[in-house]
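For clarity, chains are labelled A, B, C, D, E and F in written order, and residue numbers in each chain start from 1.
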């Protein structure tokens, strides 16, 4: 495939999001790429979006000024949340909560340098009732040109 | 968490779906669990559903008779497709195609034996225009009690 | 409630759709109201819409000329299909089929004569895999001013 | 159909939800089945979910411990809410409120004993603006294996 | 088309919503039609709905008594919000805000007088992050019989 | 607003899509911007997507090689179709057809040159039953960074 085999940005992001701290240290991503990881748990979908945006800006994955890169990241987050929520992008409003690890990765996953930078947002964790243990795993991935 | 740390069924399924044949052989899942992997590429969402159902029945992950287990698998597939399509569960109708590897895993991911069997459907691959290379990665995970 | 207790149009429509031929004969709806019932089974959502529209026009529930009443009926059908499909208004595209009885009822369910005519579309039957018995019940109700 | 004619669990649930107290007393459901009914009115979708879950646990329809049965009920509630809201599972956020009667029924609706228990959640009532009388009827049904 | 060329109600509504005060004064709509315009900015979708409903009633576009016309307007607003939000009718819950101008127009856009009155709700403005300038344009149009 | 007042790309695109040939000739867009207009009528949503993509490439609005610009355009089209279909991005599958004029505009709508190029896809026309005259207007707008 024209997606370079070692630069599958979505796979890299998912592995980062699914790994614990020890495992993360053994993962490699292409040099020149940027990435960050973080955690967020909430019944409030707004807080999930904010946590990822804040981390991505603080870690220098996207520019803090201007709208363009924020827009690219935002829609990648929305796509990732779609996978996590499977239908309605709602948490507390339908009585459920998430505990997520997230990873944001930026780089060019294609053979062709002209494709420029893309951004991947991966979410992995649990979704369920606001009761300890009443939850199952959930995953979401959003990819956008940036 | 009450999800047992080595029995995270969704993570197992995603790793199976993201691995090539060589990598798969180094993965382990809990004994007594059942799993299968496969591939499907199509612009027709019906074919994606059918390919996963057929594989899961042929490989003995779910019973071929009766509705109960088929129902559990079906909704897990729908949830996984939700993550892949992010909004509208449509492929050809909106001019896009997928090339997916899938994994279906069955087992009890919880500490408590009373939780019984659950099923995880993981999808990993590419989605995009029906033109070679005009695609990016996509992921979906559905989990259900069975 | 301002909905008159004996003129709950949605309840009338659902009872019509859920009843077999014998039971239907014992149901009563307000005089001056119009209603029709029918059956449709298909993997093709278009055929479900067409069957209901055709019946409603043939039985004189709505006018065959003009757009206004067709528009009112169409959106009531869409709302009813939403309940039947619960998320994505898709049948064959996600490998499922329906066997439905439908009822269309027209009348004024409110105490106030000024509220004019409303239309209710009720659907009751089964949804599931295209395999005999691999199905469960499903219901949908759409109500619109006409 | 392989759904036993007198054990149509969805129809039973809908009839329970649509009946007033007097009518309910004349309804019968299969012995060995469990059921409960209740009422909830709110602009807050979370309260609707919570009211049904609480009633189902308090009345012993599902187990209070463990996640499995809670998960089955939760998705049946979501499916029922889909029919009630027809598109976006939102109430106050889009300026509407519901007044609902609900019924939860548990039993095996199939000829084959192997199909085990299923759960049906039926909702019937009104949806509309937060103004007395500015509302029409609405229905939702969710069915899941448990 | 059977829609009369000078009475395209949706086009009239969109032009009203997209025009500044100066431009509005040069627009014409058919005599006998009714219209109003207004502004609303919020992260709260409920406030958007309320602002439009309140204006339409205050300006006499729809009747303040009874449900019928309120129902017609409500669904036109929902359709317009669908275009503005493109997928999930959510603002603050997914960390975004809107600044909108709206127009509500009422009249018969068809050649045939029998088609009666229809209502168009047009929304035009910006959607984006709750940060000045981090936004792009958005449009929505809903049309219903009334 | 930071969107430059004369470079509101969405408004330009909507005006192009809503104008007949004579009106189009009197519209102006910023020099250096690119745009194209076209028509498509179909019950097949795939054909609508294809018609817009083909025109945008043929007219040089986006590059024909590489995926990046195709991806940006694709998601703008999807957003525009969301407004046109209001809920389910489906046409023939739910028995409706569209007759649309479309415009694609490319340029930088922001004060800041750093924001680079954005793309707007505007759709305007009719949606309704596959019967002449049984239709009302519909609009959609999608905007993306490119």
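Observations on the structure shown:
The criterion applied here is as follows: a contact is a pair of C-beta atoms (placed from the backbone, for glycine too) under 8 Å apart; a residue touches a chain by one contact, two chains touch by 3 or more.
Only a predicted model underlies this, so the values are computations on that prediction, with no experimental measurement involved.
Where the sister copies chain B and chain C meet, the same residue numbers recur on both sides for under half of the interface positions. Ranking all chains by how far their C-alpha centres lie from the centre of chain C, first place goes to A. Which listed pair repeats A-D comes down to matching contact pairs by residue number; over half match for D-E among A-F, D-E or E-F. Inter-chain centre distance (chain C to chain E, centres taken as mean C-alpha positions): 29 Å.
Centroids of chain B and chain E (each the mean of its C-alpha atoms) stand 43 Å apart. Shared interface positions of chain C, defined as residues touching 2 or more other chains, are 2, 67, 71, 78, 87-88, 90, 93, 110, 133, 135-136. Taken in their complex, chain F has these residues touching chain E: 1-3, 8-11, 14-15, 18, 78-79, 82-84, 86-87, 99, 109-110, 118, 120, 122, 124, 126, 132-133, 135-143. Chain contact summary for the complex, chain A toward chain D: residues 87-88, 90, 92-96, 128-129, 131, 133-136. The touching residues of chain D, when paired with chain B in their complex, are 2, 65-68, 71-72, 75, 110, 112, 114-116, 144-145.
Those residues of chain C lying in contact with chain F across their complex are 45-46, 49-50, 53, 67, 70-71, 74, 78, 81, 88-90, 93.
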